[in-house]
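Single-structure report; data block below.
Read from first to last, the chains carry the letters A, B, C, D and E; within each, the first residue is number 1.
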Amino acid sequence: MERLSRRRFLKISAATFGAATAAAHLPDALRAAAAQGEKGVRTVATFCEMCFWRCGGIAHVRDGKLWKFEGNPKDPQSRGRLCPRGTGAVGAYYARDRLQKPLVRVGARGKEQWKAVTWDEALGYVAERMQKIKAEHGAEAIAMFNHGIGVRMLQHVLKSYGCTNFAGPSFAQCRGPRDVGFRLTFGEDVGSPERTDIENARCLVLIGSHLGENMHNTQVQEFSDAVGAGATVIVVDPRFSVAASKAKYWLPIRPGTDLALLLAWMHVIVTEKLYDADYVAQHGYGFEQFAAYVQAFTPEWAYPETGIEPELIRATAREMAQHRPATLIHPGRHVNWYGDDAQRSRGIALLNALMGSWGRKGGFFTPASMDVPDYPYPAYPKPARPKLDNPDKKYPFAHEALTTGIREATLSGKPYPIKGWFVYATNLLHALPNEAETIEAIRKLDLLVVVDVIPSEIAGWADVVLPESTYLERHDELNVEFFKHPFVSIRQPVIESPHDQKPNWWIARELAVRLGLERYYPWKHIEEYLENRVTGAGLDFAQLKKQGVIRGARQPVFFDEGVPAEFPTPSGKIEFYSTQLQEHGFDPIPRYTPPDPGPAGSFRLLYGRAPMHSFSRTQTNPLLADLMRENVVWLNAVAARRLGLKHGDWVRLRNQDGVLSNRVQVKATERIRPDCVYLVHGFGHTAKGLRRALGRGASDAGLITRYKVDPLMGGTAMSVNFVTLEPADAPQEA
Amino acid sequence: MTAPLFKYGLFGDEISLIVAFGIGIAFGFVLERAGFGNARVLAAQFYFRDLRVLKVMFTAIVTAMTGVYVLSRMGVVDLSLVYLTPTFLWPQIVGGLILGVGFVIGGYCPGTSCVSAATGRIDGIVYVLGMIFGLIGFAEIYPMVENFAHSSALGQITLSSLFKIPYGVLVFAVVVMAVVAFVGAEWAETKFGGKKPDADSLLAPAKTLAPSRLLAGGIVGLGVIAAVSGDPYRGPFARVDTRELALNAGTKADHISVDQLADWLVQGRNDFLLVDVREPAEFAAYHIPEAINVPLAALSPDIADRTERIVFYSDGSIHSAQAWLLLKSLGYSNAYMLFGGLEEWKDSILFPRLAADATPEQKAAFDKRAATAAHFGGAAQTGVAPATGTPTETPKLAPPPPPAGDGAAPAAVKKKKKEGC
Amino acid sequence: MTDSTDTSHAPRPHVNPYWAGFALGLVLLTSFVVMGRGLGASGAFSTAVATTVHAVAPAHAESNAFYAGYLGDGTTHPMKDWLVFEVLGVFVGGFLSGALANRLKFVVEKGPRIANGPRLAFAFVGGALMAIGAKFALGCTSGQALTGGALLNVGSWAFMMCVFGGAYALAWFLRRQWL
Amino acid sequence: MSRYGMVIDTHRCVGCMDCVVACKTENHVPEGYCRDWITEVTRGEFPTLRMEIRTERCNHCDNPPCVHCCPTGASHVHERGGVVLVTKEECIGCKACLAACPYDARFVHPEGYVDKCTFCIHRVEQGLLPACVSVCPTHCMHFGDLDDPLSEVSRLLASRAHHALLPEAGTKPCIYYLT
Amino acid sequence: MIETTIHRQNPMIDPAFHAWGWEIPVYLFLGGLVAGLMILSGYHIIRALWDKDRAHGHYVTAPILSLALLTVGMGALFLDLEHKLYVWRLYLTFEVTSPMSWGSWILLLVYPALAASALLTLPQTFPKLARRLPFCSRCAGALHDCPRVVQAIGFANMLLGVMLGIYTGILLSTLSARPLWNSALLGPLFLFSGLSTGAATIHLLAHVRRPDSGSDDFSDAVLSALVNWLRPPAPGHVGTQKLEHADNSFLTVELLLLGLFIVGLLSSTEVHQRAVELILTGPYAAAFWVLVVGCGIVLPLTLQFLQAQHRIRSTVVPALLVIGGSLALRIVIVAAGQASAWTVASH
C-alpha cells in the first residue's frame, strides 16, 4: 500500500507541475502539438542491445539524423527509462571506430592486416572454408561463441549445417555457478532477467554484487525504489561500492571468504530459530542434517576468516530475519570468483530458503512469459558427434555449454578436432581467462570468423571479419522474456547503416544460400519471419511495430497469488541437503575452504563494472567514453602511501605470472580494503582499430592468467590473480 | 629542533624557495664584497698576482667544514641528511679541466658571473649568454656523452671513507693545508704581484694579533678539536620530552594491546606498521603475521613517515620500549609498543586460556579468541571443550530419508533462453 | 653629465679575503643547517634553459634526456626550483652589494692589452665551456668545489684540483687578456 | 511568480550518469564537455565510510553572480521560472561568468560562447521535464516550481532533510539535495 | 578524510579552474600602468599651468606611450575573448552590476582623454611630426591658450586614471566564486600598484638618452649605445628625485594595502583563509614573496630610499624592478585566485 500511495503522490505532483508550467503559459493547442512530437521528428520503437537486458526504447530521428533514444513507457523492463548505455545509443551509431566493410586477413593472424572485400567475396570465402572443414573433419568441427540476441539467426544457419558446439561466456564465465547453485537447491535457475523482486524487498543483501555500478536497468530501478522505501541494505564487498554507500551495514569482507560468512549467518539463524519454520517444514528437505551441520560455524569461527566482528554477523543475521520473507539475498550475476562459486551460490540459495523468500513477495517471483510459437523451420540434421565442451560429464552440473571446454578441445583436438570458430559479438580475448590460451587455440584453427560491430581484439585474430549493423539499424529476433509481466518486444531499424554493414539475419541467410541450405529459409526478409511468429501468437504485428512492445495479461507470480510451490529437484523440495551432490562425491551442504592468500606484498585483483560501459565494447562510443575515458586502479589510500604512490600517479600492474598491464592511474581511496585492488573491466584495449580506446586504461582480462575451475559446473573463477604495482611514466598528451 | 631544518619538516617546498632566495642574496652579497664580480680580480689568481680566490674559497671551505663538523658533533645537524653529490670520478675530472679552461678564458665561474652581470659588467653578461649557449649545446650532444657522464660512479662518498682516514683527522689536515696555502699565497703575492702584505695579512709583521690571524687560529683550533673528536656521521641524535614520556607511560597511551593488534590483523587493517625489533634469526623462527623485521641496531630515523602509526614488539617489553623511545624522540608522533610483547601475544592470542569460573560474557569472548588463535596458527588451551568443533572437515552426515509422499518426478525445469552476462 | 668623480661615489675597496671567505663559509653553513644542501649556480641556468626550450619546442625538450631531467614530472613548474630562486637571490645580493660599494658600472673587465670585442668573444666562449664542464662535473665552483669541498666529497676535491689544474695550465696562453 | 528548481534524492542516486548522457544527446553538448555531472563525496576512513552521490549542474541561483558580472547581458535570468540562460549571440566569451560561478557549472563551447545547463527550458515550455530528470532510472530527480507550496519539489523539501551546495557563497541556489 | 570525485572534464574548468592565461594579467598590468601614467601626467598637465618651468620633459611622452600601452593591453584582452567577432556587443548595453561593462565604457572615455593630452603634448614630444601636422599643432596651440580646457583635460586624465586603476582590481573582486579575490582592497591595491608602476615608467623614460657616437669599434659602439641608454642620470636631476619620492610613497601604500588585503582575508571565513594561504605558504608563495614582495616592492623601496639618501648611485634598476613586480603581482593574483575555490571547505 505504501508503494501505491507513493505512486499516487508522484502522479499528483506531476499534475501539479504540469499545471504550473504548461497550463499557465501555453495554449492548449500548443500543448497538444508538443505532446505529439516536434516537427521533423520521427520516432521508432525498438529495444536496446547495449546489454542483454533488452530494454524497450524509442528512437528519435530529427531531420533524418539520429537524435536520441529514450525509454519506452510501455515496456516492462525499461519502464520508460533507460540506463546511461541505453541513452547513449546514439553514440553507437556515430562511433567513428565502427567496422565498415567485410575484411579478409592478408597478414599473419593477430597483426590486424586486412583487405576490404565485398560481401559476396567474404561470404563465399567463409562458405568455401566451411565446406572444406566439413569434408575433412565433419560439421561439428565448427564451433560458435556468442553473446546477445543476434546470435539466434547465425545459430540457425550453423545448426542447419550440422554444427552442435555453441557456447557463450555468459555461463562458464559469468552466471553459471549461480544458476547451478540455485538449481541444486530450488530446482530452478534465477534466470535472466533475474526473478528477483527487489522493489518489494524490505531487506536486500548484496554479496559482491554492485548494483548501481552494474547497471541492469530494472534491477537498478527497483533497487532505488527499495532504498527510497527504506529497505535495509546489507552489502558484503571488499570495496565500498555505490550499493555499499546505500547500505545500513557494509561488511568489508576478506576476499574469498563469503561462504564462511554465509555459514555463520545460517548458524545464527538456525541456532536462534530465526528462520521461517513453517516454510522450511513444508518445503525443505534434509533440514535436520543442515541444522546439525551449521552448528559448528559460529560467528566467532567466521571472524578470523572474514574479518567481520561476530556481533556484526549476528546483528545482520537478525536484521535479515526480522524482514523475512521480504528478505532477498541477491544471487548476484557475474559470480566466478574463487572456485567455490557454485557451492557459495548454493549457500546464498539456502539462506534465501531459510528466509522463505523463494516464491514470496520481496524475494523471488515465478516469471511468466508470452506464448509465442517458434517459426516452423524444417528439422535440423542430427549432428554426427555429441557436444565436446564437457566430455564424460566431467562437470556433472554444467547445464549449458562451456566456452573454456570448447577452447580446451580446440587445443587438444580431443575428443575430436575443432577447426573453425564463429565468434559473434563477444570479445573472447577479454571475456575468457588467460588470453594466451585463447590465442594458442586460435592458432590451431583453419577458420576464424568474427561478426561484430567494432574491430575488437578478437577481430584482430580473425580470418574474416563481417561488419554487422548496430542494433539501431537492424531487425532481430523477437524478445520474449520470462519476467514479472509477460511481454513481446520487437527490434526494428531506426536508421540506415552508415557504411556497408549488414544485419545478422541477412548475413546468416546469405551464408545459408552459399552453403546450399536455402531450404532452411522459407522467408526472404526477416519481417516475414517475425510476422509469422507474432501472428502465430495471436498478436497484431502492426501494433507491435508501432508500439515496440505488447504486454500480456499479468499472471500470478508469487505463491500467495496462487503459483504452485513446485521445486523440480530430485526430492521435489528445497534441498538443504543435496543427494545429487552427495552422489557425485561433492559436499551435500556447502563446505568452506580458506582462500589462497597470494604472494606476500601483492594485491588480489578484483574487477567489476561501471554503469556507462558494457564489457569491452562501449569504449568507442563517444558519448559513453566521455563519461569514463579510461579506468583507474583502486588502491587503499594507506597502501598507496606505503608504496609511495599518490592519487593520480601512473602505474603498471604486474601479475604473479609476470604479465605487465598498460599504464593506469591510481585512485588512492579509503573505499577499498588494503589487500586488494580493483579495476573496471573492459579497458586497456590493444586493437588498433579501436582508436578512441586504444591504450587507455589497464585490462584486467590481460592480468587474469590464472583461473580456478569450479568442480561442479566448470565455471572459471577469475578473482584468483594477484598483482603488484610499478610506477609508470605519464602519457604524453598529443 | 634538529637540523637540517628543511629535512626535518620545519617548512615545506614552497617556503624553501623563499629561503633559497634569502641565502642567494647573502651568497651574492658576499661574492661581490669579496671582489668576485670582477673578472680581473678572479683571473689574477692564475697569474699569482692576487690570490683572493684561493683565500676566499679555502677560508669558506674550512669555515663551513669545521662549522658543520662541530654542529654535527654537537647533535644540532644530522650530517647524513645533508645532500652529498654522488661522485662520478672521470666525468668530474674531465669536467673540472674543461671548467678550469673556461674559467681562465672567460674570467668567471657561473656564480661569480651572476654577480658581475648584476653589477653591470658587460663581459659578465656576455659570459652568461655564453653559458646558456653552452647548455643548449650540451643538451644536443648529451645523448652521445650520456654514458660517459654516468661512468665511474663511486656513489655518495667522502674522502674520509675513501682513504679510510678518520673524518676529524681529515678536517684537521684540510685546515692545516689551507693555512699553509694562505701563507704560500701571501708569499706568492709579494713575489709576483709586487704586493706588500697589509696589516691584516698573515705575513704582516707580527706586531699585534691581526683579526685574520685570530680567525686562522680559531679555525685551526677547531681543526685540532676535530682531529680528536671522531666521526660526525653517527647515529641520530635526538631529544626527548620527558614530561610527555611520563604522561604517555602514565596513561598507557603508548601501548597497543595484543587483543587490539589481533583484531587489526584479522580485519585486514594496514594503517599501521608492525615492527619486530628482535634479531633476524628469531624473526625467522616466528613472528606475528604482517610484521617486518628491523633489529634494534638497524633502526634508522627514516624507517617510515613520521606520522605513520608504528607498533614495536620484541620478546618482552624492554627492546620494544627502547625502539619506541628512540623513534618518539626522533619526532615520530604515532609510535606504540605491543603491551607484553611476544610473550603476551603467545599467552593471550595464540594459546588463550579460559578461566574455569568464566562468566557467559567471558566465555563468548573466549570463543572469538579461540577462533582467532586457530587463525594465527595457535590453539586454545583449556580443559573446557571449545564451543567450536572442527568445521573445516567434511561433515560426515547421514543423508536424510527420501521425501515423504510418492516422490513423483517434479515438473521439468522450464526451458528458458539465456544470454548475456 | 656622465659619471661623477665625486669622492663619495668612488668604489670602495674589496674586503679582506679571509673575512669574505669566513662570511661565505657562514652562508654555506647556514645553507647546510637550514636546507640540508649546499650552494649552487649552474643548475639554475640548466633549468631555465630547459624550461625555455620546453616552451618553444615541447616535443624536443621531452625527448631529450638532459632537458627532461630538469623538467621534472610535470606536477610543479620546473622554474620552482631551489637553485633558480637561489641564483635570483645572487643577482639581487650582488647588485645590492655593488650598489652599496659604488661598484655598479657598465664596463668590460679586461686587461689593458685587449680590445672589448675579443674580450667579449672570450667571455662567451669561456661561458660555453664552463657550462659544458659544469654539466659533466654535476656542478660548478659553487656546487662542487665550495659545497662538496666543505663536505669532503671525493668528486668535489678531484674536481677542484682539476679546475685549478686546467686554469693554470692555460693561463700563460691567455695572459694578454688579463695582464 | 514561479521559481523552477530541482530536488535530488541522494539516497536514490547511484551516480550512473544517465542524466549526463541524456543532456548531451538532448542538447547536442559537444564531445569532451558536459552540462551536468556526478560528484561523489566520501567521508571517513576505512572501514567507517559514508558517501553522498550527487548529480550536479547549474543551480539557476536566485542571486546569480554570473548574470551580475556579464558585461553584455548575454547571461540573463529567463522570465519563466527564473532560469539562468546565456544568449549565445550576445556572448563575447570573456569568461567572467566562468570565474564568477562557484559551482564551475559553465564552460566555453568550442564555438566560442559560454554554455551551461538550461533546465531544458525548451522542453519545459512544451510541458516536458528536463531531459536529465526524464531519463533518470532511479527517479532521484524532481523538477518543479519551488514557489508553489503544492508542487512535488516543495513537498519533498518540506518533508525531508536537505541541503544546497555552497549556500555560504550567497548565490541562493535552486537545486536541493535530500539527505 | 574527505574524498571528492567530480566526474567532469570540461576544458578550462577541470581539474582546477584555469580559464585565464597570460592575457588577463598582462591586460590588468598595462591597464594599471596606463592608469598610473594618466594620473601622473594629468597632475603635471595641471601643474604646468601654474609653473611653466616645472613642465618636465619626460612627462610629456606619457600620454602617447599610454595610448600605445593601452592598445597593447586591449589587444591582450581581445586575444582572451572566445567569441572575438562579438566584441562590439560590449557597447550595445550598459550593465550596472558588471565591472567589465563599466570597464569597457571607461576605456571608451579613456581614449579621448589620452588623445587630448597627447595632442596637448605633441609639439614637445614629436616636434618634427608636429611641424608636419600643422592642424594638430594649431589645435595644441589653441588648447594651450585655454587654460581651463587644459585643466579640464588634466582633471579628466586624473579622474579616468583613478577609475581605470580601481576598475582593474574591482573586476576581479566582484567574481565572488574565487575567494582570494573577495576583497574590495584589490581596487586600491591595483590602483597604487599602477601608480608606482607609472612613476617607475616615467623614471625609466627620464633615463632614455640618445647613444653617444664617435667610437670606431663596432662593439664599442654597440656597448656605448647600451651603456648610455641605461646610464644613470646625473645626480640631483630634479625630476627623478621627485619621482623616487613619489614612487616610494606609492610603493609604501601598495605594501600597506597588500598587508591589509592579506589580513582582511585571513580574518575572514575558512574559505578565504585557505585562499590566501595559496599565496602565503601554498603553491604561489615563492612567486609572491620573492617576486612580488621581495623584488617588486621591498627591494626597489630600499634601493630608492638609499638613492634618495645619496648612499648609492641612482640607477634604473628600482624602476625596472617595480615594473616587473607589478606584472608579477597581477600574474600571481590572477593565477592564485583561479586556484582558490569555495569548494575547499565544504566538499
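Going forward, a residue touches a chain if its C-beta (ideal position, glycine included) is under 8 Å from a C-beta of that chain, and two chains touch if they have at least 3 such contacts.
Owing to the predicted nature of the structure, the values given are computational and were not obtained by experimental measurement.
Undergrad: Which chain lies the greatest distance away from subunit D when centres are computed from Cα atoms alone?
TA: C
Undergrad: Name the two chains that are joined by the greatest number of C-beta pairs in contact.
TA: By contact count, the leading interface is B-C.
Undergrad: Per-chain Cα mean versus the mean over all protein Cα atoms: which chain has them closest together?
TA: D
Undergrad: Using CA atom averages as chain centres, what separation in Å is found between subunit A and subunit D?
TA: 34
Undergrad: Averaging over Cα atoms per chain, report the distance between subunit B and subunit E in Å.
TA: So the centroids are 47 Å from each other.
Undergrad: If you average the Cα atoms of subunit A and of subunit E to get two centres, how far apart are those centres in Å?
TA: One centre to the other, that is 65 Å.
Undergrad: What's the distance between the Cα centroids of subunit D and subunit E, rounded to whole Å?
TA: Chain centroid spacing, subunit D to subunit E, equals 39 Å.
Undergrad: Enumerate the residues of subunit E that touch no fewer than two other chains.
TA: Where subunit E meets two or more other chains at a single residue, that happens at 1, 3, 7, 9, 223, 226-227, 283, 286, 290, 294.
Undergrad: Got the subunit D residues that touch at least 2 other chains?
TA: Residues 15, 17, 20, 32, 34, 42, 44-47.
Undergrad: Please list all residues of subunit C that touch 2 or more other chains.
TA: In subunit C, 76, 80, 85, 88, 92, 95-96, 104, 106, 108, 116, 120 touch at least two other chains.
Undergrad: Help me check something: in the complex, which residues belonging to subunit E touch subunit B?
TA: Subunit E reaches subunit B through residues 223, 226-227, 281-283, 285-286, 289-290, 294.
Undergrad: Tell me, which parts of subunit D touch subunit A in their complex?
TA: My answer: residues 2, 9, 11-12, 14-18, 20-22, 24-26, 31-32, 34, 42, 44-47, 49-53, 80-81, 124-129, 131, 134-140, 142-145, 148, 150-152, 155.
Undergrad: Can you list the subunit A residues touching subunit B in their complex?
TA: 51-53, 146-149, 151, 168-171, 173-175, 179, 183, 187-189, 191-192, 252, 254, 263, 285-289, 292-293, 295-298, 300-305, 307, 310, 333-334, 369, 400, 482, 566-569, 571-573, 577, 579, 582, 587-589, 591-594, 615, 636, 638-639, 641-642, 673-675
Undergrad: Mind pulling up the subunit D residues that touch subunit E in the complex?
TA: So the residues of subunit D in touch with subunit E come to 15, 17, 20, 32-34, 37-45, 65, 68-74, 89-96, 98-104, 106-108, 111-114, 165-166, 168-171.
Undergrad: Per the contact definition, I'd like the list of subunit B residues that touch subunit E in the complex.
TA: 12, 14-15, 17-18, 21, 122
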